[in-house]
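I'd like to ask you about the structure that follows.
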Amino acid sequence: MVGFFVLAAIVGPLLVSGDPTRNTNDTLLPMGAAGHLLGTDDLGRDELARLLYGARPLLMVAFLSTALAAVLGIGAGLMAGYLGGKVEWLIMRLMDLALAFPSMLLIILIVSAWQPGVSSLVAGIGVALAPGLARLARALAAREAGRDYVLAAKLGGTRGPRILVQEMLPNLAGPMLAQVVMTLSVAAGFAAGLSYLGLGIQPPTPDWGYMVQAGQEFLYTAPRLVVLPAAATLLFVVACNFVGDDLRDALDPRANR
Amino acid sequence: MTAATSTLTRLRGTPWLVLKRLAAVPLVLLGLSTMVFIAMRLLPGSPATSLAAGGTGGNQSAAEITENAEKINAALGLDKSLPDQYFSFLGDLFTLNLGSSFYGGNSITGLLGDSLPATIELTVAAMLIAVLLGMVTGIVAALRKDTWIDTTTRAIGTVSFSLPWFALGVLSIVVFGVWLRWLPVIGRLPNELDYQPFTNFVLLDAVLQDRPELILPWLEHLLLPAVTLALSMAGFITRIVRASVLEVLGDDFVRTARMKGLSSGAILRRHVLRNSSLPIVTVLGLQFGSLLGGSVITETVFSYPGVGNLLVNGILQRDYPIVQGAALAIALLFTLVNVAVDLLYLALDPRLRKA
Amino acid sequence: MSEALLEIRGLTVGFDVPGGRLPAVAGIDLTLGKGEILALVGESGSGKSALSMSLVGLNRGPRTHIGGEVLFGGRNLVTTGEKELREVRGKDIAVVFQDALAALNPTQRVGDQVAEMIRTHRKISRGDASKRAVELLGEVGIANPAQTARSYPHQLSGGMRQRVMIAIGLANDPAVLIADEPTTALDVTIQAQVLRLLKKLQTEHGTTIVLITHDLGVVAEVADRVAVMYAGRIIEQGTRDEVLFDPQHPYTMGLLSSVPRVDGPAVARLPAIAGSPLTGVTRPEGCAFAPRCTFVHDACLSPPVLKKRYGGPAHLDACVLDETERARARGALEEVAP
Amino acid sequence: MKPTPLMEIESLRVEFAGSAGRRVRAVRDVDLTIYEGETLGLVGESGCGKSTLGRAMVRVTEPTGGAIRYLGKDITKLRGTVFRKIRADLQMVFQDPFGSLNPRRSIADIVAEPLLRARGTGKDEARKIVDDLLDQVGLGREAGTRKPHEFSGGQRQRIGIARALAPSPRFVVADEPVSALDVSIQAQVINLLSDLIRERGLTMLFISHDLGVVRHIADRIAVMYLGQIIEVASRDDFFAGPAHPYGEALLSSVPALSKQPRRDRIELTGELPDPADPPAGCTFHTRCRYATDVCRTDAPVLREVQPGREVRCHLPLIPVKGSTS
Amino acid sequence: GIAAEEGDAGGAAKTGGTLTLAIDGTSAVNDPAFYTTLGDWMVVDCICRGLTFISYDTTEPTPDLAESWTMSDDGLVYTFKLRQGVTFHDGTTFSSADVVASFKRQFDEKDPTLPEGASRPFNSVGKNLKEMTAPDANTFVMTLLKPDRTLLGRLSDIGARIISKAALEKYGKDIGKNLVGTGPFKFASATSGQNVTLTAFDAFRLGKPPIDRLVLQQVTDPSTIVSSLLSGDVSATQFTPYSALSQLKSDKSVTVYDTPKSFDAFIMMDVRRIPELEVRQAINLAIDRQALIAQAFFGAAVLPDGYTIPSGQDAYDASLADLSKTDVAEAKRLIQAAGATGRTVRLMAASDSWHPKAAQIIAQNLTDIGLKVETDSVDPAAYFNRLLAPDDKFHDLMIWERNGYYPDADDMIGSLARPSGVYGDFISGFNTLDGSAAYADKLFEAKNIADTAARKARYSEIQREWAEKYMTLSMLVCAANPVVSGAKVKNMNWKALGSHRTYMENASV
C-alpha cells in the first residue's frame, strides 16, 4: 500500500499529460470535464496531475524527516541504552526536554525560525519525532544489552561500536522498523498539517497539505479541492499505519498466529 | 542501625518519588524557556519594525521608521545583548513575572489567566471524550479479537487516528455549524451572554455565580472543537487499549482468575482493566501533548480563546513575551499532567511503590 | 489404589500452530484415586501442563482442540459448558501454577486474592472472607499471615508467593489440587518446605494432588503414584516404588540413571540418553522414544499401548521389549556408571 | 605437586544501584583462589551473588572494589588491547541457551567472533578452528552455516561451549550451564564439559544450585550466602559433612532419589534476607538453628579450620584443627 | 445575497441586540497612539471621534468635534472652533484641553500617558507642527511649519482621535485598556486574542445607536469567517476571503455589498536588483490583470485605470489606464532586447489572503515572457520586515498592497513615489535613480494645490512621468475589502467598513 503510493508518486506524473503548475483560464472545471478527469482547480490546473505530483513533496518530506528522526533517535537511543550511566542520563534528559513540549509546537517553532520549505520541514519534523524513536530504541537496546549474547560478544573482545552495530542492531531492527513506519505516518501528518498552515512546501509546487488549505476557500463551491487531497493524505497515513501494524505483528515473537 | 535504615527506606518510598518528580518540573521548565527564548530570537522579523511601521507606515520616511524602531527596541529592551536579555528574562521568571506583551503591555500573566482555563476546558473535555470512546472500542475489539468487530474497530480506529485534524475541524464546522446549524462554530460563549469571568472556568463560575444558564451554551461551544480534537486521539487510544487488554488477557494471573471460576465479566473488571490501564495511563500523558499541539490548530479554526490561539498570534506578531509565556504555560500544563500521570501510575501499580 | 475420583479416557489436546496441529496430548488414559499424590513427570514439552490444564478447560480457546473424556462427579468436563465448568474450577479442582509471581495479580493485595477465591464459590461477607483468607495463609505456614495478607505479590519472597498460590488453591477445600511444577523456581531449602506442605495437605485434608514435575527426587520424596510422559503419551505408570526403583521403559531407565545424585558413589560419567525429544507437529505413529532408543525393534513402529507387562501389580508401561531385552537395557546403563 | 593459583580474588566487591538509590551489595569482600586445572563448584541460594561473582571474575561486570589476579597479575584495572589479549584467556558459558546466542548470526560466525576479535586470528584459520570445535562438541561442522533457532536447548548449549572454548581460554566460568536443560539432556552436556576439562586441562568456576551436578563435576566446592563465601572444601569433604550450618541445611534439603525418604532433613525457617539490607552479625543467624548471641552481633570471618577447609562461622560443625579460637 | 439598491432598507430600524464584527485580531489595547492590530484600530474608531470626519460617501472632510475651521492665507495656521456640549463616556464635557492632551501624547515621545512601544502614528503631523494652542475652551489653533492641505483629512484619521483628558490623567499608560471618547460606543471589556465588547453610548452626540452592544470578535481562519457568517455567529466583516464571494452572494442569509475598490495591489521592483528599465517595463506588460481579478480577487477588484489612485478619490484619472496595460508580445520583445531571457527573478509575497494566488499567476506570466521565476511565500508578520531588508535574497519583486488610510492622493502616490519614504528607499531603491530627488518637491507641491482639478492634473502628470521613466511599481489591480453582513443587518456604513472604518452608529440587527 505504501509502496503503491511511492509508485504513484514516481510514475504517476508520467501517466498524465497536464502540467500541475501551468495556469490556464479553464478554472474550476468540474470532475470529468474534457481532458480533466478530476476537473481543474482555481487556477485552471489539472487536479489529477496536481494530486499525483503532490504526492512527491509530501512523501519526500515524510521519508526524509523519518530518516532523520531514525538516524538521530535510534542513534541516540542505542547509545543511551547500551552505554547507560551518564551518557544515558544526558541523552534521555535531552529527549525528555524535547518531549516536554508538544511536537506540533516544536515543529512550528523550528520551521518558522528557519525558512518554510522542504529542508526546514525535514529538520523540524525529524527533530521533533526523534525523541519518540530514541525512547523505544533505548528501551530495546537496554533490554538487548542485558542479554547474554551481548556479554558473550564483550567476552569475545568485540568492541563497543561493533557490538552495537553487528550484534544488537539486527535484533532491534524488527520492532524499530515497525515503529519507524508508524513514525512515517506521523511525519506525513505533520508535513501535511504544516503545509496546511502555510509553513510547508511553497506554491506553486503541488502539495496535498497546501492543496487542502488553498482548496478550503472553495469548500462550498468545489469541495473536491479539499476532499481529494485530504483523502489522499489520509489514505497514505492510514496505509503507513496498517503497514506498521502488520510489520509489528509479523515481527512480534509474542503474536501467536 | 536497622531502625534508621528502615526509616530511610520508608522515606525513599512513595512521597520521595513524588517529591523527586515535582523537583524536576522547574528544571524542565528552565530548559524549555531557554529553548523558546532562543527559538524566538531566531525568528526573522522583529516586533519593533512592525510596531514602528504600524498604522501609517507609508507616511513616514524610511529614516523615521528606523529611528522609531530603535526607540521602540530600547523601550522593549530588545537593544540589549542576547545574554543580557536572557538573564533579565530569567530574573523575571524567578520572580514569576512573565513580562508584558509588546503590543500594548498586557501582562502575560493576565493573558494566560484568560486563556489557560479555556484550553484546559477544551483539552480535558477532548481527553474525556477520547478516553471514553477509546476505552470502550478498545476493550470490545480485544474481547472480540479476530472477529469482524475487531477488524472494523481497528480499521476505524486507525483511520480516525490518521485523520488530519485541520481538515476535520473545517469539515465539522461546515456540517454541524453551517449545513445543520446545530452548533455554534466560534468562540467559547455567545457574545450576548454577559459572562464575567471569576475563575474563568465556566462550569465553576456558573456554580459560584449561580448562573446555570451559562452551562448549556458553554457545552454547545465546547462540543465541536472538543470532538474534533478527541477523534484522532480516540483512535490511538483504541489501539493501545486493545493491545494492552490483549496482553493482560495473556498474562498468567488471568489464567489464575479463570482457575478460580470467575466469570469473564468479573475477570475483566477485577483483573484485566486495572492492569491494562497501566500502559494506557502512560500513553495518556504523552497524548495530552499532542492534544495541546492539536489545540493550536483547533483553537484557530474555531476562534476558541485558548493558549494555542494566543501562541499563534504571538508568533505571528513576534510578540516574544507572549510566545514565551504561552509556551511555558503549555509546557507547564503538559509537565504537570505528566507528573499527575506518574502519580496515578504509582497509585495503580503497587510494584513501583516499593522503594 | 483407592477409590477413583477422576477418570481420564482418551484425552487429546491439539494446538493449532503455524506448521499444523501440534498433538500436545495424544490420547491418555489415567485414573486419579482419592487422596493420593500422583506425580506426572516428563521432559519439557511432553504435554504435562497441557494435560492438566485441559482437565478444567483452562486452555480452551479457538486454537485449542480438546478431545476424549474427563469424568468427574458424573460429568464429562471436556464437553461441559464454560458456565458449569466455572462451578468446578476453584471449588472442586484447583490449580497451583509454577511461576507464582506471574500467576498472582500484581496490583491486588494477596489477602484479597485469596478472599476472592472464597467469595466466588461461597456466599460469605467480605469481612469473613478476609478473615478466612488470613487463616488460610496461616495454614500454609506463613509466619505473619495478617501482615502478609496486606502485601502485594512483589513484596513477598518466592517461597511465600508459592504458599499464597497454594492457599488460593486450598481456599475451597477442593477435591483435586493440580500443582504444576510448584517448586521448580525455588531453592532447594524452600522447595523442601513447600513439598512438606503438600504432603501435609494430603494427610490432613485428604486432597488428591496431581504434582507435575521433572525432578525425580521430588517424585521420590512425595508421590504415591507416578506417570511418566513422553511426547504427549504416558509411557509408564505405577506406584512410586514400581516406577522409580523398577523402571520398565528404556526412557524411564535412562532418565533415572542420568540424574546426578548427592549420595551414593560418585560416577565418572553419567549414563546419558542420546538425542533430544521431538518438538515438531509430526509425530511417529509408533513409539516416540524409538529414535533415541538403543534397543529399537520393528514392533516399535506400531502404536504403543500402555498396559500391564512386567513389574509390580499396578505397573503399566508402553514398551514392546521383552524381559530379557529390558534387563539388557538396564545392564547397559549400569555399565557406563561403574 | 603444589597446585599453582590461576585466579586469585581479594576482597572483591560488586555493588549495584538498586531502586530508589539503594545499593545492592551483591558480592561482599570475597577472597577466593582457583588453582590451575581444577574445577571449583560454586553453590548457593538464588540471588546470593553467584553469577555476579562469576561475571566479575571475567570482568563482564566491573567490580566495585578489590582485586582480581590472573596468574599473579592484577587485571582489575586493565583496559584496551592489553586487556583484550588476556580476556581471550577468560571465557564464560551462560545459563540461558536461548538468550546467549545472537539469533541473527550463523553458528560459525558466533563461534569465530572471539577468535577474530580477541585473538586476531585470520579468517581462514578461524574457520578451521571453528570446524574442529563444532566436531568436538558433537554438533558436526555442517552446523556452522545454520542459525541458533534451528537447534534444541542442549545443542545450543554445546554451541555456547564451543564459543567459550574457541579462543583456547585457560579459565572458564560456567554459570549454571545445564540448569535450563531437561534431565536427559543435562547429562549429555555435563559429560561433554567434563571431557573438555580433562582434554584441555581447563580451569573452571562451575556455578550451580544443583548439588548433584556440582558433586559430579567439581573438585572443590565453595558455598555462597548473601554475597559472601561461607565455606570452601574439597568435594568429598563437603559431601561427607559440611562445616557450615547453611551447607548442612542445603545438603539435607536435596530430595533424595532413594527408596527410604530421609529422616535427617533440616528444615530452614525464614526467608533469604534482603541483599540490600543484610542482617548484622553472621548473615545466616536469622535462619540458623545453632545461632547464639555472638552470631547476632559479631560477623565471623572466613578462616581455615582444617587444611583446605575454610568456614565463615563462629561454631563450625567440624573440629577446628591447630588453633583454638 | 447581493445588497439591494440604497434606501430600501429604510423602515423602522429595529433597536436592541448585539452586532458582532469579525476582526483580524485584537491585543485588547485600544489607543490612538498605539497601533497594534486593525481590529483594535476599529475599536478606537467606535469609541473616539476626531475633529473632522469623512463619511466615505464623499471624500471630503466634514466637521465633527470641530464645528468649523479657518485656514490662514499662507496655509500655515488652522483655527478650529470646537463643538459645545459634547460629553465623553466618563461624563466630562469636551473642550480644547482634551484636544491638546490627546495630540500632545502623539507628538511628545516623553508624554507620561504613552505606553512602552507606542508607535504614535499621528506623529508625522507633529513633525510639521510649529505649535498648537488652545486660546479658550472652544478654540484650538495649529500652526504648521510648511503648508499641508491634507491636514483636515488627516485629522479624521484614527491616530488623531480625541480622548477625555480626565481619563488620560486617571489611567495614564493604561488608557488603551480604558479608552474614553465621545463616540457612539463605549468600552465595556476586552480580552486579548478574543474580543472587545462595546455598549451603546446613550449620550452620543448624534443620538443613541440602535444596537445595544457591539462585539468585535477575532476570527483568524478564513474559512471560519465564511462559516460563521453563514451560521450567524458573525454579523458582518470586511475580512471576507475573496474566494467565498460567489458562494456568499448566492446565499440568502447574508448580504454581500459592492464595496468600493479602495486599495492598491501592486508589485514593487527593486531597481538595484533589476536595473534595466526595459525588464521592469516588460514585467509590467506581462501581467494578466484580468486573470488576477477573476482568480485572485473573484471579481472584487477592477483594472487600475487610475494607476495608483482608486476611482473613488478626487485625483482619480482614467486616462492613466495605459500605464497598466497588458501586452505579452511587447514584453517578450523587451526582455529579448535587454538580453534578459532566461534570467532568474525572485518574487516574494505574503502567505495570506490573495497574495499567494496572485504570486502564482504572476509567476506564470513572467515565465511566459522568458524569465525564470523563484517564489517565496512569507509569513505575513515577517513580510513587512523583509520588505525593509534590501539584502533579502528575494528582494527582486515584491507583491504588496496599500490601503487608503484616508481617501487622498497624497496617501497613495504621495507615499509611494516619495524617494525618502519606505517605498522609495528600502523597498524599491528608487532614491538611487537619477532624478528621483526631484519627486520630493513635486509631490509636496501637488499636495498643496488648492484647486481640485489642478491638483488632479498635477498628480496625473507626476504619475505618468514616474511610471514611464522608472517603473518601480507595477499596479496589479484596485481592489475592495469585501464587506459581507448577515441579511438582518441594516443601515451599516459598509462603504466606510470597506476602508476598515467602523461607523456602526446607525446599524441595526
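Lettered A, B, C, D and E in written order, each chain numbered from 1.
Keep in mind that, in the parts below, a residue touches a chain if its C-beta (ideal position, glycine included) is under 8 Å from a C-beta of that chain, and two chains touch if they have at least 3 such contacts.
Note that the structure is a prediction, hence the values are computed from the model and not measured.
Asks: Figure out the least number of contact steps between chain C and chain E, where 1 means they touch directly.
Replies: Minimum step count, chain C to chain E: 2.
Asks: Suppose chain centres are the mean of their C-alpha atoms. Which chain sits farthest from chain C?
Replies: Result for the farthest chain: E.
Asks: Please tell me whether C-D or A-D has the greater number of C-beta pairs in contact.
Replies: Comparing C-D with A-D, the pair joined by more C-beta contacts is C-D.
Asks: Work out the mean Cα position per chain and let me know which chain is farthest from chain D.
Replies: Farthest from chain D by mean C-alpha position: E.
Asks: Centroid from C-alpha atoms only, then distance chain B to chain C, rounded to Å. What do you get?
Replies: 54
Asks: Between chain A and chain E, what distance separates the C-alpha centroids? Give it in angstrom.
Replies: That pair's centroid distance is 43 Å.
Asks: Quick check: how many Å separate the C-alpha centres of chain D and chain E?
Replies: Measuring from centre to centre gives 88 Å for this pair.
Asks: So which stretches of chain B touch two or more other chains?
Replies: 43-44, 170, 174, 315, 354
Asks: Two-or-more-chain contact residues of chain D, please, as numbers and ranges.
Replies: If we look for residues of chain D contacting two or more partner chains, we find none.
Asks: Name the residues of chain E that each touch 2 or more other chains.
Replies: Residues 223, 379 of chain E each touch two or more of the other chains.
Asks: Which residues of chain B touch chain E in their complex?
Replies: Interface residues on the chain B side: 43-65, 68, 71-72, 75-76, 101-106, 111, 114-115, 170, 173-174, 177-178, 181, 184-187, 191-192, 300-303, 305, 309-310, 312-313, 315-318.
Asks: Which bits of chain C are touching chain B when the two form their complex?
Replies: Against chain B, chain C makes touches at 56, 58, 62, 86-91, 94-95, 97, 99, 102-108, 116-117, 120-121, 152, 154-155, 165, 168.
Asks: Could you list, by residue number, the parts of chain A that touch chain E in their complex?
Replies: Contacts found on chain A: 21-23, 25, 27, 42-44, 112, 116, 198-199, 202-204, 214, 216-221.
Asks: Given the complex with chain B, which residues does chain A contribute to the contact?
Replies: Against chain B, the touching part of chain A is residues 96-97, 99-105, 108-110, 112-115, 185, 189, 192-193, 196-197, 209, 212-213, 216, 219-220, 226, 230, 233-234, 237-238, 241-242, 245, 254.
Asks: Give the list of chain A residues in touch with chain D in this complex.
Replies: Touch residues, chain A against chain D: 147-149, 151-159, 162, 167, 170-171.
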